[in-house]
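The same chain A turns up in both complexes below, where it pairs with chain B and then with chain C.
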Partner chain A sequence: MNTVVKCHSVPKLLEVLKELTDDYQIYCPVKQDDTETFLPLEQIEQDELLTVGEILSKNEPPLYSIKSFLFPNSEVYLKFRRNHDKVDFTVHSQQPEPTIVIGGKPCDVESFDMIDKVFLQEPVDTFYKQKREQTIFITSICTSKGPNCMCEEFGVDKSEPKLSDILLIESEKTEEKSDGIYLKGVSEKGTKLIERLAELDGLQKVDNSPNLIEDKEEIEKLCPEAIKDKMEKLYDSDIWEDLAMRCLGCGICTYYCPTCHCYDINDYSRKGEGVRYRSWDSCMFSDFTNMAGGHNPRPTKADRIKNRFFHKLNYFVKQQGPLACVGCGRCAKNCPVGISLNTVLQKIGGQNNGK
Partner chain B sequence: MENNPLVPVNGEVIEIIEESKDVKTFRVKPEKDINHLPGQCAMLSLFGVGEAIFSISSPPKRDYLDFSIKKTGKVTDILHQIEEGQQLGIRGPYGNHFPFEEIKGKDLLFIGGGIGLAPLRSLIKYALDNRDDYGNLQLIYGSRTPEDLIFERDIFKNWPSEENFEVNVAVDVESSNWDGYVGFVPQYLEELAPNPENTVAITCGPPIMIKFVLETLEKLGFNENQVVTTLEYKMKCGVGKCGRCNLDEHYVCKDGPVFYLKELKQIKSDFC
Partner chain C sequence: MRNITNELREIAEDLLESKKVDVVLGYAKGEQPYQSVPFAAKKKEDVENLIFDIFSYSSLSKYLLDDMYRGKKVALVLKGCDYRGLKIMLDESRVDRDDLYLIGVECRGVLEKSKLKKKIDATLFETTLDLKEDKLAISSSKENVEVPYEDVLSPYCLACEFSTPHKEEVDIILGEPGKMTNKELTTDECFAEIGQIEKMDEEQRFEYWKKQLNRCKRCYSCRNACPVCTCRVCLFDRENPSYLDSDTSQLAQHQFYHVIRAFHISDRCVGCGQCSRVCPENIPLHLLNQKLIKELNKFYGSYLPGVDEQPAPLSFAKADDPDPFEKEEK
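Here is the complex of A and B:
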């Protein structure tokens, strides 16, 4: 039996959660200067709390995915100092603090399945793993489909995502009343937190959460194997040249994508002291594979676009099983020239390729 | 904390050997045993400058590792300035290795170009360490000019004096101090026309050389199970996670750098 607690509104919930800020870092999505970002709860002004609620109840993921909480866009992991002839280095990774992240969507938490497959496979990326273990994700459930959303086609259960720790379910608002919001424990660490929340003023334990998604349409799921095979036929197609004519090589598609995990490693040092850090990188950049001696295995934009889509729709399937996409629609929404995963899916037969 | 694959261990440079005008061999003693197999690589770091990956050019079972490094950029430029006794970061070994077990009992034909002799040297030396396990050895090696040849004492002295080891050296262009073969490695290979029977060819060099060597070997009658090559790709993590070095669904750092020609033929992306 999953434990469920109820609260009458999002601002109230956030108010109550502030009592936990001694024990947890708590992050929420908030709208500031017209753009969405995640901020620590204590930095969110009273009048901005309403925008948190707005973002949570949208049937669309927030601008940024939550992957950066486990795989930051830039992360220092070594520190070093020159000591006469020697250089002493230490691993810079304090045990990460317990963290609660509110506001990812079902597609977002399910994207961890893909990153886990890469980062938790031997040799384990312990920087990622430690954060993974220390972070509790409260996933806000969508009640219907957003304009760019394709999560269900990609096999994400948008009412009960497998990898979430806690589900945040907002009961349907009618004109007279809003019945409130419900938090339902899913994972062990999520359920423990819910038990604790149940003891706080303003939250009460209830028997069950409302069942929201009534009109469950039958959506034909994409079959990774079938897509993988269809992609094979596209290898020598003109589509890559066509897309390359439009693509700016800006990398936005990869930065917003919750399943992309490429990174770069660099050192920074000054006066005998410095750090080594890793930061997000993008296979869409021209120097990504550029080698000494001037050889570049993917010299053109067409090569790089093709590699990106082949990675998501073919190579990853061969290596790991699923497609490396959760259908969040961020690439569709944010690419300045309107290239997205759908562009390629449509080319290989739209969504009618179930079997 | 548990070991993270990105965290190096300390190593000390115990000897530096000048191989050519822009290649030096760094003999490194790591703090912890690296225990590599022939053909594997490791990531070297100079803290404050960065990391780069290099083949280990010494054979297994020594208490040091050799890296033969060409000066080409950020990390390698600074590496070329350091002195014996200096400390480096090292992590590895990475990648698969030459199929030294599978090719037991065969004649081995090594074909190298430029710095590409570095990874081959680990297997050549391994074969010499285990001489009875392998048949005849032959090396065809070329570089741009005589000054670019590396491992001079090996290619001119040590190896030619071994029994059943034929060493053929070439340079690309005429030069006053060279009376050996002049021409590209694939061309030399074609002229020497080694017999494919019971032979495995192992090659490494610049991409363009590999491409033509593979073609020539097939012309000479080598089949796709008799040809092995090591590939080079830009790398950052070395462990299949940073996503940089993919060749179709394979990561060169993890599933390579050593591939049979048979495997390469199934790869659609360009690797040369």
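Here is the complex of A and C:
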């Protein structure tokens, strides 16, 4: 059976967790300047604690996905230094610190299923793997779907995501009273942490967490194979050019998408020493496929948009099985010109025909 | 606004049917509530999607530089600020006026969604808007409020001095002149935060911008949406030499990007407000731009890019130009 602890409110929970900051880096989402952002727990001011609770109880993902905790925007691989007529290299291996990330949503943790398929396959991405092992995700579950949410269509269980370590369940609020916050251990490392939390003042072990999910709405899942085939027929369609006519070619859809995982490798050097690092890249940038010599196999915006959606809805299915989308709706919410995964799903005959 | 939409559809149909243009570039309804997105109508059946409303933000002229539009005859919907952006491109011979059919609109300003959201305790998915003569009525299942337009209009629109393109310069003007609000606000009042930031000491100011810019993801949406960021190869995209490190977690790199961009557009910014609007991290880029404009106006006299005919203040020098760095150097 799962171990469950209970706490009476989010600010209280955060206060208790502060006792663990010697052993863990702890991050949670907070609202600053009207913008949701993840910050280390100790940097969050007292008056901002309430906004953490607000974000956790929304049935909508926070602005930024949690993938950057396992796959940072930039990270160093190698260090090098000129040593007379030679160059000395050292592999920059830094054992990541144990980390707790609070506030991802079910769609967010399930996105690691796709990234695992890419980064944990041979050759294993050790940087990602180490962080994957060292990080505990406390996922705040959803009781209904937000306006842009399509998790269930993409096979994500919004109340019981498989890949989370701990589930954060807020008991149903009446007018002003809330019965409390429940933390339920799911994975091995999550359960271990819960056992430890149970020892702390302010948290108490309880038998079970409330079951908040009323009768589940039956949403039919999209069938990856069927979608893949429908995409195949769209290869030469005009829709890519139509979308390209309004796309800005910016990095929003890829940087905010929890399943996008492309990166570029660069060097930075000054005065005979430097580092080689990787940093996020976006297939929507015109220089993404630019080669030495100037040839660009995806020269137009239409080529690039087509590639992005083919990767999500066709290539990934062929190579790995699932669709490379968890239906978080961030693309819909953030794209300045209203291009989202749903835009393309609708074009290929709507969800209903995609079964 | 509704009549602009209808007029626009008629014109567009006519232009496409008579093959005067290949594309009518305007706006259509987006998937999100109160979202208007750029839309290219290419055939008669597309025309019914065209709309123009108070959420028609994007400056469409920038698209003309894209290969997809090259060599095509394009009709373009232009608000006042959009026309200014296009004018700069025309003056720089970036586009050919003969390839364009310009549809000017009498613009009364656009609403800022972020301000709307603050006015009501619900998501925009649940609200309906009613444009009244002097106030905007916002209602949801939870509450109904009426707000004066000056509370929800874009600050740029409140400060706008050129809301409709000149009649002689466009092919047609749609709509009727008028304003949403009669309240006369000075630019300083429209961008009151600048005054607050000016009052900070250097360290506070640095902390303020540090906190804001630390959120930047360098998605470059602000640059890509800007109608006056029109360099053929942007400095920040150059690979050899590369001026900007692609490490996207470094504050110094964000600062470099934003300060350089702010300077590059300081005497070009036409005040469409799109850079701040597209930023997913709500970084107040308008404060940065507007501050530079304020300083330029102070040093070199008032200048409206894309309206005034004299050369842009930073594109030429006079012997008696003020040199703010002079003192420091000696």
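Heads up, the rule we're going with is that the second predicted complex is superposed on the first by the 349 of 355 C-alpha atoms of A that agree within 3 Å, B and C clash if a C-alpha of one lies under 4 Å from a C-alpha of the other, contacts with A are read in each partner's own complex, and residues count from 1 in each chain.
Here is the rule we use: contacts are C-beta pairs under 8 Å (C-beta built on N, C-alpha and C of every residue); 3 or more make two chains touch, one makes a residue touch a chain.
What you see is a predicted model; the values in this text were computed from it and never measured.
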Clash or fit, chain B versus chain C on superposed chain A = fit
Determine, under the contact definition given at the top, whether A:His92 touches first (chain B), second (chain C), both, or neither.
-> neither
Based on the superposed arrangement, let me know which partner A:Lys189 touches: chain B (first), chain C (second), both, or neither?
-> neither
Counting only touches as set out at the top, which of chain B and chain C does A:His8 meet: first, second, both, neither?
-> neither
Examine A:Asn266 and indicate which partner it touches, taking first as chain B and second as chain C; both and neither are also allowed.
-> both
Touching partner for A:Lys221 - first (chain B), second (chain C), both, neither | neither
After superposition on the shared chain, which partner residues are touched by A:Gln319: those of chain B (first), chain C (second), both, or neither?
-> first
So, A:Phe127: does it touch chain B (first), chain C (second), both, or neither?
-> first
Return, as a multiple of 10 degrees, the angle whose vertex is the Cα centre of chain A and whose sides reach the Cα centres of chain B and chain C.
-> 90
Would you give the minimum C-alpha distance from chain B to chain C, in Å, for the three-chain superposition?
-> 7
In the superposed arrangement, what residues of chain A touch both chain B and chain C?
-> 264, 266, 281, 290
For chain A, which residues count as touching chain B in their complex?
-> 77-78, 80, 82, 85-87, 89, 91, 93, 118-119, 121, 123-127, 130, 235, 261-267, 269, 272, 274, 276, 278, 281, 283, 288-293, 295, 297-298, 307, 310-311, 314-316, 318-319
Footprint of chain A on chain B - complex, ascending | 1-8, 45, 47-51, 70, 72-73, 85-87, 89, 206-207, 232-234, 236-237, 239-249, 268-271
Contact set on chain C toward chain A in their complex | 23, 25, 30-32, 35, 37-40, 58, 63, 66-69, 114, 123, 125, 211-212, 215, 217-221, 224-225, 237, 239, 245-250, 277-278, 280-282
Okay, in this complex, where on chain A does chain C touch?
-> 32-35, 37, 63, 72-74, 147, 241-242, 244-246, 248-252, 255-256, 264, 266, 268, 277, 279-282, 285-287, 290, 300-302, 332-334, 336-338, 340, 342-343
